[in-house]
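Presented sequentially are two complexes of chain A, the first with chain B as partner and the second with chain C.
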Partner chain A sequence: MNATASVKTNDRELHLSLKERVEVIRSNRYFLMIFPFAMLALMIVIFGVATQGRFFKPSVLKGILSQAIIIGTCATGVAFIYSNGNLDISIGAVLGMASTLGVLAYNATGSVSVFVLVSVGTALALMAFNCTMSVVCHIKTITVAIVVTQIYGAITTLLIGGAGKIEIPYEVSSGMEDGGFRYIAFFAYFLFCVVIYHYTKVGRELRFLGGNESCAQQTGMSNAKATYISFLMTGLGVGLAAVFSVIDVSAVSVETGNGLGMDVMLATVLGGMSIFGGARSNAYAGLVGALTVAALNKGLLMVGVSSALIQGIRGVIFLALVYLNSERQKLLPSRVQF
Partner chain B sequence: MRKNVLKRAAAVVLTGAMLLVSLAGCGGTPSSASASTVGSSSATSATDSGAPAPTKQFVIGVAEAQANDEVTTRRAYFENFIAPTYNVKFIFSEVLKDDAAVKTFIENCIDSGVDAIIDFKSNSAQMARLCEENDVVYTVQGIPDMAPELMEGDFPLFTGWSGADNAQVGNLFRDWLEANASEDGSEGFLVSTSLAAQGNVQHVEVSRAILEGLQEKYELTYEKTIDELVASSETTNVANDKNILITLYPGSPNKETWLPGISSLLQSGKYAMFLSSGQTYNQSATAVNEVEQAFGIDIKVASIAAFSTTLTTAFNTQDPNGNPSVDMVTVKPSSALNACLFATTYNALNGAIDTACRDADGNAANYRFQMISITSPEELAMTEGWDDRDTGTWIAGKEFVDSMLVTNNPDITPEDINKIMASLNVESISAMMEKA
Partner chain C sequence: MPEKGKVLAEVKDLCKNFGVTIALSHVDFAVKTGEIRGLIGENGSGKSTVSSIIAGLQPPSSGQMFYKDKPWRPKDVLEAQEAGIGMIVQEAGTIAGISVAENIFLGNYKRFKKGPIIDRRAMVFEARKALEKIGVTDINPALPTRMYDMQERKLIEIAKCMYNDPELLIVDETTTALSQTGRDIIYKIMHDMADAGKAVMIISHDLNEMMEQCDTLTVLRDGVIIDNIAKADFDPDDIKQKMVGREIKGHYYRVDNDGYKEEVVLKADCITTMHSLLCFDLELHKQEILGIGGLSDCGMHTVGRALYGLDQVVDGQVVLTKDGTVVKNAQVAFKNGLGYVSKNRDTESLELNASIYNNIASTGYDKNNMGPFISPRREKAYVDKQVKALMIKCQNAYQPVRALSGGNKQKVVFGKWCADDADILILDCPTRGVDIGVKAAMYQLIYDMKKQGKSIIMISEELPELMGMCDRLLIMRDGEVSGEFFRKDGYDDRTLIEYMI
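For the complex of A and B:
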């Protein structure tokens, strides 16, 4: 079999191999924008058919959104950090500590407002600290993140103490859930991020810095300022996600936030965005990726795939999606991704 | 050109669709899959029951916290024996790292149509509420002390707790220490308290019993209380009036930081006795062996364990001093515990939750089981073939499980089930296995 195929153009016929044909598809300017949404929609349709329509039930679809909301919120925020070419994997530890202090504040005051403010304030303060360490001491953000992850984790363990878990009254968390706090806060934050990211000078500068830092700086853009903005936007998201995680299980434990940094990276890449930033970055990739992960997990379980197989299948699908979603180094003025 | 590109994009998407459809086909019916792998043991084979399996198929989700021998054995027991014998379908989770993951798994199970959840991870009122709202029976492996809200709340579909008699486990460690520690305590004691600092009851009880055992043997006075020491989340040298070296090392053996930390302490050469409140003997084996070779010492190892080839290998592998690489383990009769969890869940599913799953005061039941101490390859040989997932020979065979089910014993109560569980010891299990 000849692996080549002919592609007719206006004035000539090209003979392309399979690999080249895939590259042509991936190189289309709209591919990265459309593909993650197409895969998510396709996945929902397939699981819907495979489960005789049960997957289309509103409760199931709402469950997918609910399960994706924590990673989606963090990923939406972290997109700002990724955009200007930085990495931060400490958000799990930040979320754990923010949740813990928020719950302690609630238990001390009985005020939901204090709980939310302390959680968000803590996350903002910790992300600002991470950023300051990087900007002032000229340490790479990923290095700072590795170190502070240990510190924040240790502080959280000490704050939580021997029980390993601190709870808030179920009435409080269920009241916030029933009142739609999670969804309202999430969509407000998401829209805020999309507007800042795609329709303001700040967002454009972040993407430009991520695409070509030297060039951006020569045009007068401040990397330090952009880094602070990106970390504070992320801190806001992680703080909200900390509140969401407490609402979710009415408690915070020493395990809260474990592995979140990697989950967020995965969601971002699945959503079609490079974690190394660049001009084609966007604020919604993380949410699309988080929804994809949640839909895949639920769908595979509902069609009866065993947990042992789910891990392997998920890995294969993720690899395929990441390959198809990854940017083309030759065509884009971005940092090397893989 | 653009038209062709779009055609190719569509081709890629359709290829993805085919991939997903074919993956969806990976799901099989567990009962059919299970039926083909039923163990050969005449004691436990579903086909030996003489009665057809119940026609109503219940679906039970199993939320797992770990991935180790015990979990593998449980899965084999449920899938290969319980599922075909009692016409039950199981949905197993991956390793669930926290309560949020458990909640997600339960929600997904509910969407998949489960009738019950057996929770090995969270022991939480939140999960009980979630199950309650969806008419799903909820059973927990653990003890009530760790879940006061669950104990005090009103959860009509919560069946109760099943777990080890931790005080008895602690006593096994205490007795072994009394017989095996030196007279002057000069060997140095390294104690892995595992998740005691996070409140894991078994780890707390075993760690506490070890410290009490050392205190009694050497008439020690600790500067801190035992409860304070056990709750420490940092590596701690236990200050005492006789200056005996006792070091507590906390942390989850499942975390990548556990082994390097234990290895560093062992490599100091100061410890000749390593006691663990968790199942760690296999993870620490290489580190222990290296230190024994380097320092020419014999490190005695005591740990929690489950029947497995790993345990057999450990007892039959000699260290540089000609001793087994593990010296004492307390072993869970895994299938018996799982049979108890299944029985209480199954009784609730058959409408007997108010009689079979409530104590005399009307509270959710609290089931306990005894663990078994093994100190030599000879003792282990006596247990050969127990809970063997390769041959499908289970301690808790059909007769044992049937004795706890309302379908066979309509008047069964939690007290009756506790008596059945308490009757398990080496002798009684040996007799059961011989009879089988």
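For the complex of A and C:
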């Protein structure tokens, strides 16, 4: 059709308003990929200047990386659930219970492999349970998550007992740390996720189902299967993150995993992903977002912002990003046509 | 009564861009009182854009508008409604989850407020009056809108629009969703308004309808007004040529009389569904284009859904005769080489926020793989082939489908099934809301598929296309086949209508 040609010749004559220019940039597919990295870079520069370079001290960066790796692993996994159009905020509680059972198993057997296997196995089992509740009983995933968060938390508290904390020998955690367990495990998991997400049928189906379920079903996709896969992928990540969090402090406590759900959500949107699922989803969002969240937490603390205020600032950023990211339906349906 | 022939609404030098895409380029025209003005043009020519700007759905990029001799720049639909401009939109304009009455008074609840409480009885009462005003009595305004089908929902929208006594009514591609009864209602409203010295703007792809109903036709192409034609000068060939900017070649529908094979590929064996169908039988042959026609509530849409496993079959079964596979659900259907184009394009056939690329690629996850992985190279070839073959108007394949015009969206839907290479295609209203250029391309495509040995079921409310395309045509009434017609025997539309009603 000759329309394409005429549009092209008219390009030069066009006078776009500022709003339209913003819209053109926003809908550019590369913009969505670059934006999160730009945010991260900007934050590093700002904190670097504000702290007169103290932000770049190795101990600070290491702390950020430690936090980011836990949030990032969970966020990478949870991206599967989000892109399928579901929400699950129970991962903090799942992580708490997985690390507790892992530590108990280690203390009973003295085997690091058993520790890792029990942690990961627990997280997988709990996520599978969450998923079954919503797929079989048709309860919304978010509702299930709210209920099971209480249950898992209570079980963890019971398991840990009166001391409120169970330790593992320092040699074990430092041994795993020196052996590079965290980085190897994280990158293996991350690569696995990227491949599944972008280059396999299940990953593609997840996103499509999250975007339009009835269309996806008419194209032969099964929502139940995709939901299970998304929860199991998340379970695997949360299980690994449970191990990382034990390595970090050589112990598990009733506090382990608290607030993680919120950090993970913030990381996901900072990474440029929509928590409403669908086409605007990718697997690396969690990692970039986790680095940003960890840098933000640490940086604000270093410039002297109180931790209560940090919570508030994170909340505002979260709301602003969700607002910018959502494609709001107008009240009355209309048609955009060209 | 207002004087006829006075300019009611006027646009001057109107432009609209969506990003770098030009939808309207320096458009001038005026609607006069007592006039029914038709806007006609291919998909993407700017008809809907100009009318939605007048109705306050979106602002223009530049240019002036006047309404009743005063500058006109509505900030939203409600302002336009209050000023007397009402619009019935192409896609569903009702919300399924709320009652009919609430839909009719959407955004206008204030008048029923008694303190903090909304007086629902008064609202339902007024809604009933609104429906009666357009001659509809069988819709209960107290019931949820989701209980009504598309045709009835359109009528609800019309009632909503007419309740405010608009002076300018804009009807955007509404009639294609309506059966003859619905169309008659809307035609009557249009002519009554024109007689009363008000004005109507109508957009439709049905050229015959436009020539019958309109006083003047404005032809748009690529955002530019090509011509304004008065009723006395209507000539279908001339209009078509102006619409597409080139001569439309001879055949619109197929002209051959080739038959189909004896072999049955798909069989419905005494199927009963929750709604509409009771022990319904159907056989589809290899290389056959089987048409199913009737009034919109005759059950033909349910047949399509049931055959593809979307509507539950409570008794009997749908069988693929080649290997005896029973189609229990859409997954089985898809896996065994069936394809389905839904009547509800935007809600069921496309993921609007995803790109053209991802929509087309969605049928090929099992075909473009290398072991367990999807090969990006093969997938790209899979998509590019369709974008090229169907001449989808887009900047690139990574553009979200939501930004495309109706006809181009439908091309994407066809693209995904052509790419899938399905052996049996079930098409429910495949040409709804698309212009003659796109229609011609789709008919050609359907015919090509037949020649490649595929079997097609074409469900449609438009008799001409069924007569023009089908080897065999079933007419349905009240969930049963009331007549069967064969292309080789020949038949006329009057006979068909007798079997429909």
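As a convention for this text, the second predicted complex is superposed on the first by the 255 of 338 C-alpha atoms of A that agree within 3 Å, B and C clash if a C-alpha of one lies under 4 Å from a C-alpha of the other, contacts with A are read in each partner's own complex, and residues count from 1 in each chain.
We take it that contacts are C-beta pairs under 8 Å (C-beta built on N, C-alpha and C of every residue); 3 or more make two chains touch, one makes a residue touch a chain.
Keep in mind the model is a prediction, meaning the values are calculated, not measured.
When the shared chain is aligned, chain B comes close enough to touch A:S245, but chain C does not. By the touch criterion defined above, A:T200 lies against chain C but remains apart from chain B after alignment on the C-alpha atoms of chain A.
When the two structures are aligned on the shared chain, A:K165 is found in touch with chain B, with no touch to chain C.
Counting residues of chain A touched by each partner, chain B versus chain C, the larger count belongs to B. After overlaying the two complexes on the shared chain, residue contacts for A:M39 are found with chain B alone; chain C is out of touch.
By the document's definition of touching, of the two partners only chain B reaches A:E255; chain C does not.
Shared contact residues of chain A, touching chain B in one structure and chain C in the other: 7, 10, 24. Contact residues on chain B toward chain A in their complex (touch as defined above): 1-2, 4-6, 8-9, 12-13, 16-17, 19-21, 23-24, 26-30, 91-94, 97-100, 103-104, 107-109, 111-112, 124-126, 129, 149, 195, 197-200, 231, 233.
Against chain A, the residues of chain C that register as touching in their complex are 17-23, 25, 44, 46, 48-49, 52, 57-58, 61, 77, 89-93, 106-107, 172, 222, 245, 308, 310, 330-331, 333-335, 340, 342, 347-355, 358, 361-363, 365-366, 369, 372-374, 376, 391, 393, 398, 400, 402-406, 416.
The residues of chain A lying in touch with chain C in their complex are 1-4, 6-7, 10-11, 14, 16-17, 20, 23-24, 27, 29, 195, 199-201, 204-205, 207-208, 211-212, 214-222, 278-280, 327, 331-338. Residues of chain A touching chain B in their complex: 7-10, 21-22, 24-25, 28, 31, 34-35, 38-39, 42-43, 46-47, 50, 54, 57, 59-60, 63, 66-67, 70, 157-158, 161-165, 167, 170, 245, 248-251, 253-256, 258-259, 297-311, 313, 317, 320, 324.
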